[in-house]
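Chain nomenclature is as follows: A, B, C and D, assigned in order of appearance, with residue numbering initiated at 1 for each chain independently.
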């Protein structure tokens, strides 16, 4: 199955929990944002309890969690925002 | 009939129309603010058309036009306000 | 209790007098002389007031709103005399722990001041001068 | 399109960039770091953002409100980094010929920014630090 590269960004509480601001992923074609979240839960114990992903952004725009990722995408999980 | 003194103030358009900022009146006891307005209409042609007085202030507070004036009162007719 | 001034308004200084460490927001409203009114060009405005009564009426509005919005801190200054386009005629600051009260108190304050306070304005433009609101009726 | 800054906000300068001679009013909103949040003492707040996305989201909000309030002129700056009590985190200016639009556009802007823009804050107090809004759920 062909693979693709996705650039994953972490902000705020997710950066603190994962200890990093970004990560390059090599994923099978057809992978969704939600599936990336599930793999993060398996990897980081502090996320295990969060069965539902936070808001998803792909290439700096909000997107549905079930969006299929494409090669070169920039993916970010957006914790509850608190600007202002 | 006993008389009383009332100090009358003019502001804004009324000051322009009457050409003065204030006036001392000697009035019969029992005179109301409305009656003062009627005498001003007789005296100043530009006011003749205004059968109803503007808002009335007695001693720096809004009052009803039919309020009976008392000796020493400060009376003002308040044209439509336009502050802010 | 000095809400009237003959000098330019310093809004930033006004904000500083109001803010407390508990306030998470403030709303500042400034009314500014604009270059038009009801289709006519405006060059300047002369503001007149029944000063002692205007001070009392503004104070009554401030106290009314302080009772209505107990968490808010409020202040207001109204300038009198001749103002040109771009000059501020009034500045109102409402500070509060949360923004909803700040917005509501500020909006309420300008509405009440425009309705109740004995202040008048005479607009001057290329066609002459006119007292605003006195359209041949009381 | 630079709505984010790492420097203190100069609200008066922001107002000057917005006002036109046709504007009769402006409303300035500033969000300020307060010394408490949900009963806890706060000493400082660290603001983090997904910067390029936050710029885009704010720009979309500004354009949306410009369409909704065509007579208004709008601007906003959000500060990031570590802020202490009394520092402004955001300033929004809405100028308009008449006050109603200025109030509504300004209020609408802060509500939308708080709802949509990827900015986060970590509050620091005597009991430690905490990301606001992350209460053990997404």
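Here, a contact is a pair of C-beta atoms (placed from the backbone, for glycine too) under 8 Å apart; a residue touches a chain by one contact, two chains touch by 3 or more.
Everything numeric here is computed off the predicted structure, so don't read it as measured data.
Asker: Any chance you could name the chains that touch chain A and chain D both?
Answerer: Both-contact set = empty.
Asker: Taking each chain's centre as its mean C-alpha position, how far apart are chain B and chain D in Å?
Answerer: Result: the chain centres lie 50 Å from each other.
Asker: So how far apart, in whole Å, are chain C and chain D when each is placed at the average of its C-alpha atoms?
Answerer: Taking the mean C-alpha position of each chain, the two centres sit 24 Å apart.
Asker: Just how far, in Å, is the C-alpha centre of chain B from the one of chain A?
Answerer: Each chain reduced to its C-alpha mean, chain A and chain B end up 75 Å apart.
Asker: Could you say which residues in chain C touch two or more other chains, in rising order?
Answerer: Answer for chain C, listing residues that touch two or more other chains: 31, 110.
Asker: Among the residues of chain A, which are close enough to touch at least two other chains?
Answerer: none
Asker: So, with touch as defined above, which chain pairs make the list?
Answerer: Taking the chains two at a time, the touching pairs are A-D, B-C, C-D.
Asker: Chain D touches which residues of chain A in the complex?
Answerer: For this pair, the touching residues of chain A are 9, 11-13, 15-16, 49-50, 52-55, 57, 60-61, 76, 78-84.
Asker: Enumerate the contact residues on chain D facing chain C in the complex.
Answerer: Against chain C, the touching part of chain D is residues 11-12, 15, 19, 21-36, 85-86, 97, 99, 102-103, 106-107, 110.
Asker: Going by the contact rule set out above, which residues of chain D touch chain A in the complex?
Answerer: 31, 47-50, 52-54, 56, 78, 89-90, 110, 113-122, 131-134, 136-138
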